[in-house]
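Have a look at the structure below, then the notes.
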Amino acid sequence: MLLQLLLHLLIVLLFPPLLLGVITRTKALFAGRKGPPLLQPYYDLHRLWQKGFVISRTTTWVFRAGPIVGLTVPLLAALLIPFGAIPAPFSFNGDLILFVYLFALARFFTASSALDTGSSFEGMGAAREVTFACLVEPTLLFALIVLVRLSGGFSLNQLLGKHLVTSWQSAGASLLLLVIALFVVLLVENCRIPFDDPNTHLELTMIHEVMVLDHSGPAFAMILYGASLKLLVLGALLVRLLLPWDSGNPGVDALIFMAGMLGIAVTIGVIESVMARLQLVRIPQLLIGTTMISIFALVLVLR
Amino acid sequence: MIELSNLILLLVVLINFYTLGTSRLVACIRAVAIQGGLLALLPLVAHGLSLHTLILAFWALLIKAILIPTLLTRTIREVRIHREIEPLVGFVPTLALGALVTSGAFIFANYLPLIAEHRGSLFIPTALATFFSGFLLLMTRRKAITQVVGYLILENGIFIFGILLSEAMPLMVEAGVLLDMLVGIFVMGIVINQISREFSTMNTGRLSALKE
Amino acid sequence: MIFFLSGIAIMAISGLPGLLMSSRDRRGQATAEILALLGTITTLIGLLSSTTLAGETVLRAGWSIPGGELLIRIDAISLIFLFPFLLVFAMSVLFGKDYWPQAQHPENSRKLRLFHGLIAAGMTLVFTAQNGILFLFAWEVMALASFFLITTEDDRQEARRAGFIYLVATHTGTLALFALFALLDLSCGSFSLPAAGTLPASAVTTAIFLLALFGFGLKAGIMPLHIWLPGAHAAAPSHISALLSGIMIKTGIYGLVRITSLFATIPLWWGWVLIILGVITGIFGVAYALAQHDLKRLLAYHSVENIGIITLGLGLALLGRSAGLPELAMLGLAGALLHVVNHALFKSLLFLSAGAVIHTTGTREIDQMGGLIRSHPWTAALFLGGAVAICGLPPFNGFISEWFIYQGSFRALVDQRLTLSLAILVAPVLALIGGLALACFVKVFGIVFLGAPRTPAAAAGHDATWLMRTAMLVLLAACLSIGLLPWLFAPLLEAATLAWAPLSGSGAITASMTSLVWIGILGTTLILFSGLLSWWLHRRSQQADTEQSTWGCGYLWPTNRMQYTASSFAAPLVKLFRFGLWSQEHGGKTYGLFPSRSSFTSHTPDSILDRLLLPLLHVLAIAATWLRTWLQNGVTSLYLLYVVLTLFALLLLSGR
Amino acid sequence: MLLFLVLFPLLLGALAFMLPSERWRCWLLPLAGTLHLGGVTSIACHPLPVGDLWLGLDPLSLLVLLVTSILYFACSIYAVSYLQLRSDRGTRTIVACLLIFLSAMTLATAARHLGLLWMAVEATTIASAPLIYYNRNRLSIEATWKYLLICSVGIALALLGMLFLAYAALLGGVEVTLQFDHLLAESSFLSTAWLRAGFVFLLVGFGTKMGLAPLHSWKPDAYGEAPGMIGALLAGGLTSVSFLAILRALQIMNAAGLGDLARQQLLALGVLSLLIAAIFMVRQNDVKRMLAYSSVEHMGILAIGIGIGGIATFGALLHLVNNALTKGCMFLSVGNIHRAFASKKITDIHGAMRRLPISGTIFLAGFFAVTGSPPFGPFISEFTILRGIFAGGHFWLAGAFLLLLAIVFIGMGSTVLGMVQGTPDESTDTAFKDTFLLVAPPLLLLLLVLLLGLYLPPPLRHLLEEAVVMLEVK
């Protein structure tokens, strides 16, 4: 038990930036470059941590609350979600709702923090962020609902528990649809191509990046770390769905999970390399389509 | 006796037609006065001589045949109007309607459940016919004074009916009813005076400013 | 009980002494406020001293009115509504002292305070009266008092219009309630409400339910019956809006809860009707809110949205009752009831803080504000708390009640009957509503308080006085305490659900106690950890360079008016909902190389009221006017003809 | 005692004609009102035996007399100040007519002989005609003429109806009489055909006087052009008296076993009245005409209540009381508003609450009362009628009833609120101010209405119940 808890915490604290490194490296390889070292995100975080601040004179404490909540929330959320076969440290009936709503809280503060700068670019980013979130949240919830129906339980541990192996046999089609939907959610929530581009600096087309444009130093480090945590947490959902097996050995479980996460990171890197960003007006359509997929998945299990 | 009363009643009906057909106000009023006089005879004819019938006949004569016509004549003299020129519904259609109403009343009365003595008499049909003729006059004329005449004829119809039932109406009440009518028409006369002063006409057609 | 009754009496008369004093006399105001607070405290003492959770307090006395009986019963359902009411009322009185001082409003201040007290007395009675006629009395006292409160500034056309629409709506609702209680009398033989779950199904039960839905729905503001709500809340003084939005519309919910508790059996479709109405109300309520840029109208539409959420909970509870799933019933109802409490707290907080802002800026237009956090630090922080709470985000109270409703919907989901498991629809709808509400409150908070001031009026101004702040702080503290210590409130909820439906041996609320404790712990952790981080970041930023302007992406001459506006912020979402909102846009087109000045405005009128109801009424009024010029044309002959025709018609009828 | 109540106003009326002093003449009215109220109250406290062949009070007529007397008392006090305000008009006619009117109304309620009843009702018409003509302008003469003509014709119909009743007795072979108690006693022998026709004539006749649609056409004109005080007396007192006459006819029909037919007809007229009133009250531009249509509406409610029967009968009788008092309160306060704005068009009247704080408030409260809002008395009575409708199983009727009430509320509300709220135009300013004697009477009536909503005094309840028993089918 204690070992599982320890492993869980270690993964939460240390593993996430590696995912960013893997993505970057994959994209570099696709582009025919060597790319930065895999551990580059750790160096970046360290460097930012040391740097000083520049804060716009328009801003107030709300501006700084954004990164803080943006970091706290994924940390807490990570404690609610099982990593593969390693169960979540905190688990209770209905924790999935808290899980979803914590991210909403983070969004509230990130967007407010963007508006605090008074820049219309950041306002634009905030507007897009909250708009797309409205379309993504129901999808995530539909996915969780399907799992509730399949597992009969009300906590994330049960949702992503042992029933998955049998569920793949009884409701494989539905779960497959879920995987697709959740992957889209993962891409949107983590500001990945084709929905958003974490590297671009064309302000008019960006969503998430433009919101954090004015942050610097430790605050920006928090944002980066928070973003990677978010990738881990949402990815964990997907990994467990795809790799529902339980080895019995916590160490092996952890390894399976991390391998799965790295696989997802590579997939993201591949997608970012082979796809272009979508036109902004297309995004809502695609998101609604994804919601339809998840609804269909639900219909399949309710039938 | 029935024959005599029937004769009087027929005259009453004829007077109804006359008032419906004439445009001369003075003639109208005279006709009503005559009708009142005829009605005053009816209690005597129907119930024979008694104190009750005598007093009733006297009252009716006084009020219906003398006082009210005098009052009305004075009024038209004051307001200087002599003819009903443009009735709301023309004289011929009114007459036709009057004929319809009267014949309707006579036919309808045949179907009414009546006590044996009243079967052959014309009291009830005439009462109804007179009543509705009065109503017709009220509805089709513009001049206030003609409308008063209509009201009078209407009351005459009721009076005819009342004669059948004079035991039901104690003399006091009968007298009161007639008095009420007299005062009512007196007040109407005053109002007509006021109307002609305000509007310099007695046309109630003008009296349609109050709507909705 | 004697405390309770005298509390009501004191509140009712609190405004009377002021009427006898001159219109500029401050003592009248002080007397009214002291009496109102005294009445609140007395009522509270009465509640606490005479009531236990399990039992109920009853007062019963004869009344000479036919069918009337002075029957007052306080059970757990009443308590759930009464506690937040007393708190919100007391806070609105405190807030009103500085917000609407007698000296500044000699014209209407006495009227305001008179009806402020009366509405409080009326509402207290509404929540406890168990006799139909007494209930209608209290109901109408409340309705009329609120009408006068809405038209406090009756010299303004807008307030008169809103007041009239409200009056018509509430009276129509009251007429429906007349029918409702008459039917109840018919089916159980008395105006005094029968015990919960004892009213047998009969021919009129459906009619009773539909009448309740209409009559109480009008008060609560369930779409499409919400027509009066946005205008009325916008027109009333803010501390009154807080009371109206926080508590008064909940009387409609109370009525629905109370009436549905009476029936022995409940058809499945009742629950579904409520759920569908809840979905419409919730989604369109928040969509309309998004499209507003009048601060108070926006908050009012959010009330509609929250009523939708409450209706969803109630619908689930009804489903649970009819399907025999006690857990579903209890969780749904607990969610609905707790959301009633929560909405009362955070919505009044929001209205009060909006009032504080409007008070100093003199406008309700969001796009005229900006950067107010500098001049109004307290108000901004308090508003932020309310905004987070209303979005249903942890660690505030809104989350707890929505959590209950989610839990309920999951119970429906795992049932094998399709008619039941489809109720899971509630969950994604709640998520969507939550997402939209978040967008909306980010917009409000961001545009009003953050950034730079858009007008000189917004730059000037001062923060709320300490009394106003105290009122808001108390409400925020209440919000936070429910969010962090939710398990403390579970016993009351459990008692209320048991009072609603005496379900045998189901402790769904007690069973969720563990979860509630966990939520509390995680919430506390969240706050503590964020606090720690902020403290650290604050220390790190001491030496930061704070003289730079915001990075303008290379543009050198940004002005304050170039900031993102509320309308543009909401535009993407409003466009998504254009099929229901039909926003109107004016101007905004430019032509040629050197275009002349141009302006752009957009506004979103209420579709039901402005596009359907008012035009319809207008046409009907014209038809009536036309008809009567013809019926009553002033010609006496025609009138006499009516007499004859009536005579003949009745003779015919009689001869048949 | 009763005879005294009928005769002394008549004597005072004669005195008013002869008294030379304009100032002292006004005070005859409060004197008469007080004496009358005192007399009626003493009768109510120590009920007389039902009475002889001519005059007598049973619970039903006592109820009507009591209401009329209270209303008259309030109006008589109001009249003193009002007539002083309008001293240019002279007071001889109006005071005398008001006193005769009181006498006639008392006689009409107390009459036990239908002929006497008819005489008295006709006398009220004649006595009130000069009252309506008080303002002496074109419009008021028009209103007076219409009132006089239509009501006289209507009353004539009623007379014919009474004769039909007598004929029914004749045909039934029993004593031919119009004495009410005799007629009631021998009702089962009456010829049904004549009885039915007689009832229709009586209903249409007194219905015209009472103002049931579509016989109401004189009402808006008369109420609209008469001074507010007169409107109060007509709408509260005279209508109740006429309604009493209809109830008398109903009693006979009940006793003869034709009660259902009679109720059906009342119901039809009642619903029609409500409908017509609703149509005419939407966007009504003249406040007094609006009140007149409100009166039509309430006559409709009374007719519906009686027409439904059962518990609704109680409601209807209570509503008779409530309607009289509320209408009195509204007409008196609207009279003040009319004076203060020198207009009764709603386009001219705004902000009455600001110009006349007390009268405006009374008017507004009266509006809530008259539309049946709790906690005022009309709510109790309308609600009781509604209960009766439901209890009788007439669900569609109940729906229509409520819908029409809602329309009336909307129509009346927009007019009333437009008047009392807002700020008054400077151009309409007059010197008129609220004074005690002009405000106290409507306030008194309003408080009574409020009291009746909160508490139904047991004696009144007892009286009502006794009256209901009289109207029940045995």
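All chains are identified by letter, namely A, B, C and D, in their written order; residue positions are counted from 1 within each chain.
Note that in this section a residue touches a chain if its C-beta (ideal position, glycine included) is under 8 Å from a C-beta of that chain, and two chains touch if they have at least 3 such contacts.
Bear in mind that the values here come from a model prediction, so they are computed numbers and not experimental data.
Highest contact-pair count belongs to which two chains?
Summing C-beta contacts for every pairing gives the maximum at A-C.
How far is the middle of chain C from the middle of chain D, if each middle is the mean of its Cα atoms, in Å?
43
Need the CA-centroid distance for the pair chain A / chain B, whole Å please.
One centre to the other, that is 100 Å.
Which whole number of Å gives the spacing of the CA centres of chain B and chain D?
30
Taking the mean of the CA coordinates per chain, how far is chain A from chain C in Å?
Distance between chain centres, rounded to whole Å: 36 Å.
Mind pulling the chain C residues that touch 2 or more other chains?
Those would be 625, 628, 632, 636, 640.
Which chain D residues sit where two or more other chains touch them?
Touching at least two other chains: 145-146, 149, 153, 220, 280.
Residues of chain A that contact two or more other chains, please.
If we look for residues of chain A contacting two or more partner chains, we find none.
Of all possible chain pairs, which ones touch?
Taking the chains two at a time, the touching pairs are A-C, B-C, B-D, C-D.
Give the list of chain A residues in touch with chain C in this complex.
52-62, 64-65, 67-69, 71-73, 75-76, 80, 90, 92-95, 97-98, 100-102, 104-105, 107-108, 111-112, 114-124, 126-128, 130-131, 133-135, 137-138, 140-142, 145, 148-149, 152, 154, 203, 213-214, 217-219, 222, 284, 298, 302
Give the list of chain C residues in touch with chain B in this complex.
Where chain C meets chain B, its residues are 625, 628-629, 632-637, 640-641, 644.
Which residues, counting only chain B, touch chain D once they are in their complex?
Residues in contact with chain D: 112-115, 131, 135, 138, 144, 147, 151, 154-155, 157-158, 161-162, 164-165, 167-170, 173-174, 176-177, 180-181, 183-184, 187-188, 191, 194-195, 198-199, 204, 207-210, 212.
State the interface residues of chain B toward chain C in the complex, per the touch definition above.
Result: residues 88, 135, 138-140, 147, 204-205, 207-212 of chain B touch chain C.
Flag every residue of chain D that touches chain B in the complex, lowest number first.
113, 115-116, 118-119, 122-123, 125-126, 129-130, 133, 136-139, 141-146, 148-149, 152-153, 156, 159-160, 163, 166-167, 169-171, 176-178, 191, 193-194, 220-221, 224-225, 280, 284, 289
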